[in-house]
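What follows is a set of notes on a single structure, which appears directly below.
To keep things simple, chains are lettered A, B, C and D as they appear, and every chain counts its residues starting from 1.
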Amino acid sequence: MFPILNTMPKMLPIAKIIRETSHVKTFVFRHQLGAKPGQFINIWVPRVDEKPMSVAMSNDVEFWLTIFAVGGMTKRLHEMKVGDLVGIRGPFGTSFEYESGDHLVLLGGGYGAAPLYFLASEAVKKKCTIDFIVGARGKEHLLFLDRVKKLGKNVKLHIATDDGSVGTKGYNTQILESVLSSVKPGNKKMTRVFAVGPELMMKRASDMCFAHKISCQVSIERYMKCGFGVCGNCCVDDSGERMCMEGPVVDHLRARKMKDFGAYHRDKVGRKITF
Amino acid sequence: MKVDLSVEFCGVRFPNPLVLASGILGVTAASMANVVRHGAGGVTTKSLWLEAHMGHPNPVILTTEHFMINAVGVPDAGIEKAKEELAIYNSMKKAPIIANIIAGRKSDYGQIAEEIAKLNPDIIEVNISCPNVEDELGKPFACSRDDAAAVTREVKRRVKKIPVIVKLSPNVTSLLEIAKSVADAGADGFCALNTWGPGMVIDLETRQPILANKVGGVSGPATKPLTIKAVYDLYRATKLPIIATGGMMTGEDAIEALMAGAQLVGVGTAVHYRGIEVFGKMRDEMGKWCTQHKVKKVEEIIGTLKY
Amino acid sequence: MKVDLSVEFCGVRFPNPLVLASGILGVTAASMANVVRHGAGGVTTKSLWLEAHMGHPNPVILTTEHFMINAVGVPDAGIEKAKEELAIYNSMKKAPIIANIIAGRKSDYGQIAEEIAKLNPDIIEVNISCPNVEDELGKPFACSRDDAAAVTREVKRRVKKIPVIVKLSPNVTSLLEIAKSVADAGADGFCALNTWGPGMVIDLETRQPILANKVGGVSGPATKPLTIKAVYDLYRATKLPIIATGGMMTGEDAIEALMAGAQLVGVGTAVHYRGIEVFGKMRDEMGKWCTQHKVKKVEEIIGTLKY
Amino acid sequence: MFPILNTMPKMLPIAKIIRETSHVKTFVFRHQLGAKPGQFINIWVPRVDEKPMSVAMSNDVEFWLTIFAVGGMTKRLHEMKVGDLVGIRGPFGTSFEYESGDHLVLLGGGYGAAPLYFLASEAVKKKCTIDFIVGARGKEHLLFLDRVKKLGKNVKLHIATDDGSVGTKGYNTQILESVLSSVKPGNKKMTRVFAVGPELMMKRASDMCFAHKISCQVSIERYMKCGFGVCGNCCVDDSGERMCMEGPVVDHLRARKMKDFGAYHRDKVGRKITF
């Protein structure tokens, strides 16, 4: 498997900006990216920085990026207007794996709901049934609810909020636990959990799946520079696997062998930062 | 036929001549061990600083079918991280490790060298040739005969038992002038070459340089003939051991470099063009070539070019 | 939209910025006229000597997907042939012609320049940078500030009305040092750059260099970012007009070079990679880019890089 | 039409050497060259030189080069032995054009008989009828006679020698004239002449074909360096066409527009040499 040889940024005007929550916007680009759910791109704001972002939707005519304003570059992005140019490189990395007809349990924390929405929208076409569990601090931080609801009857939406302003009060992992508990033994093999969000959430989800002997895939986000397997900044311990190439989506059994899973990540100079 | 691909370089035996080049997949011990697992005969750390060094913002690496340009800006967390990672690498060591060191001032090279020497790398490689920190640090020391020699002397003074090799820059009027002065200053070998330029890539839409650092070192398969010539010149002029680095993509490229006089072959950019599997592929290609040409020990072909 | 691709360079108007580089398809007037027929905005003769110069035996040019390496050795029949061919070119002239001159000794440049000036080329380009006659002639004059200036001064002294540009070598520690000294010596512009190296390609079967000259100048698409950076440096430092030569393969490449500060774009190696049709293709690609970006006159984009 | 991007010499051992005449040998290489009749390769003798040679035969398993010992490089080649390595680049250039069922008149002078033999051996498979006219100073200089004879009943061999030692005494062009004269008006369109040999012979042949209004292709040999369209040493006047790319095989009507056709060629520094 050769990586994409040409990784020059493709300059694209922002076609549309959708405000999702106070800190989150979805940026729409009219371009056939050809990404699969779980893959990411690098988005470059000239003179500012370039950062990895999961693809929140990709079809024949457009793709979406759903972006939290957290620091310098994402805040600058949030100030940009329709028509402004950014550079896009990718898609890079691995994608979610499942079979037609599988039962998918999606656990999204933070912007994790966005790539999972992309996954769900593809999976329903493949006759999958879906439990879509989202969580956030409060109602106003929940993402993509309306879109998920429109995916049809095969998708069941579960909501958890820390403050109980909507859905179950508590963590989304609590909902996961009850969903997993209700899986009949005979259905375990075709049930797949996909967890995308804060690493500690994914770690908890993995522990639950491990206990229930249900398969699980997680998205391991590490500090990325190149995005295509050269710089070495995104490698995990002790396998040395590159999360931009052999990840970000990995089976949780592989994640569980990573010393850093749920424990630490590294900053841009490779220093360990505990979660 | 069983082919012995191992080579001795500065007294250290490498299971095969393919060494991960500095700055590629060299941030952590785990990553370097992974490269060895994929077939490399040795690894080079990314350039290590005494203190943390931030490097440049993204984008730091661009590629086309024809070249790679990078201005990562030599980020590093400093000596404490080096200690931790080198200890891990050594604890699971399967192939020699070359510690590549860098500093901003000539006088600082001695200290980082001394600190790194304590960590017992097999070889110390002195990076005086990075073209993408020019704005920060000025012309690389590898561009001046006297600076290059001064750095070499300083490192050699502080490092006693570990072989010290110097990484040369192609961006000079006379490579041999620099190399000879480095050799006279006590270098035990060379790594030839660092990246070319710097070069620049402009985004036509915004009319701005794409790399955050604006300019960066150029590498890629097209640099191979330049590396081969440099290696041969060094081999002929100094007889010191050489790592041929630059544009090495295939086992045949590595054989060519050995014929030109190299003991080892540095592989960096090829990780992009052929994947991380490139080490195993190149190793197997070398083995196949040797078998076909009845070469039992790959060391036999070093310097056999009939110029 | 009608796009005006014409540019003025040293007071000469070229119908488009694409100029055949020296040494490629430049042996005869007919060949150069054919290149113009294929879309070039101008041509450069192969390097012209006062006396016949044999060049190297074959093989003189090798190519891979990634690079070209050449050691043609600057063959030429001498001034009598130049007279005949330039007269023919001028009699059917459709685009400006740049006469590229060369000599073995500094003092000889004056005479060939004077003789060539009589033949009324639009511009005289002084080749002091060919890397593949080193064995014969020593390091190119373009590698020494003083030699480069001396040649420039000598040519400028003997050539009165015709603009004189100097072809620079990339194989120097400081391009700007050379360029400034050439500018001070009176050069009217630059051609940047000649080929890289020299490099070497070894045949693994016979363990011999393949080029008869053993080493040769390297060119190819990978040199583009290096050319772009050099052009920008020259533009910023001297403001003299520049021909950007080296790795220019597409109309977009040419646009990039113009943004970096070039007026003209030299095209040589691309004749191999995209066929002789490359001139028309690049011209059309430039036109298309300009149309898409609402650029009415291509001259407007020269030097518009926001560094 | 892109040229071959990789033009590195392929090193091949000489598999067989066939002595043809006192000055001519055929070198056989076991390699699938994929050349068409009329094309040439560059053959490199390390440390000596590299020169263009027409392909005298190319099939799935081997190819042949039939080489006159004239100067430094070809004499050195004649000293080489089976197993010695030479470098081969190509095939380069244009090839002979004809249709199935055509009547081909081949006129070979010197080593020209070799590439024409290659053409004939292909054309007979395509149901062409062939008049194969060869000429030489004397019997002992004739090439490929036996091979041509073996091509079968559709190939008629005509021989001319200067000394009359075999065949007609005189020039092969005299035979051509009589063959052309015998072509019925209705058959002129499907009759094609292919002339390969000394340029003055080809010029005479072209004049005859022109007079008879019969089509003719010639092989214009110019001093070649690269062989793939870059160096410019093989360009003809006034079109500037490169004989390594737009030639060597050209229609004689195009050849007749060349100032140099039958008049002069150029040496390695581009100086004109009259024939």
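As a convention for this text, contacts are C-beta pairs under 8 Å (C-beta built on N, C-alpha and C of every residue); 3 or more make two chains touch, one makes a residue touch a chain.
Here the structure is a predicted model, which means the values were calculated and not measured.
The minimum number of touch steps linking chain A to chain C comes to 2. Following the contact convention of this document, no chain is adjacent to both chain A and chain B. Ranked by how far their CA centres sit from the centre of chain B, the chains are topped by D. Per-chain CA centroids place chain B at a distance of 33 Å from chain C. Centres computed as Cα averages put chain B at a distance of 51 Å from chain D. Note on chain placement: the centre of chain A and the centre of chain D lie 66 Å apart, centres being C-alpha means.
Centre-to-centre separation of chain C and chain D, using mean CA positions: 36 Å. Among the residues of chain C, those in touch with two or more other chains are 64-65, 201, 206, 208.
Taken pairwise by the contact criterion, the protein chains link up end to end in a single open path, with no chain closing the loop.
Chains that are in contact with each other form these pairs: A-B, B-C, C-D.
Here chain A touches chain B in the complex through residues 1-3, 5-9, 11, 42, 44, 46-51, 85, 87, 89, 225-226, 228-233, 235-242, 245, 266-271, going by the rule given at the top. Chain C meets chain D in the complex at residues 23-28, 30-35, 37, 46, 52-55, 57-65, 68, 72, 75-78, 81, 88, 92, 201, 203, 205-206, 208, 210, 212, 269, 271-276. Those residues of chain C lying in contact with chain B across their complex are 64-67, 69, 139, 143, 171-174, 196-202, 204, 206-209, 214-216, 218, 220-229, 232, 252, 255-256, 259-260, 289, 293, 304-307.
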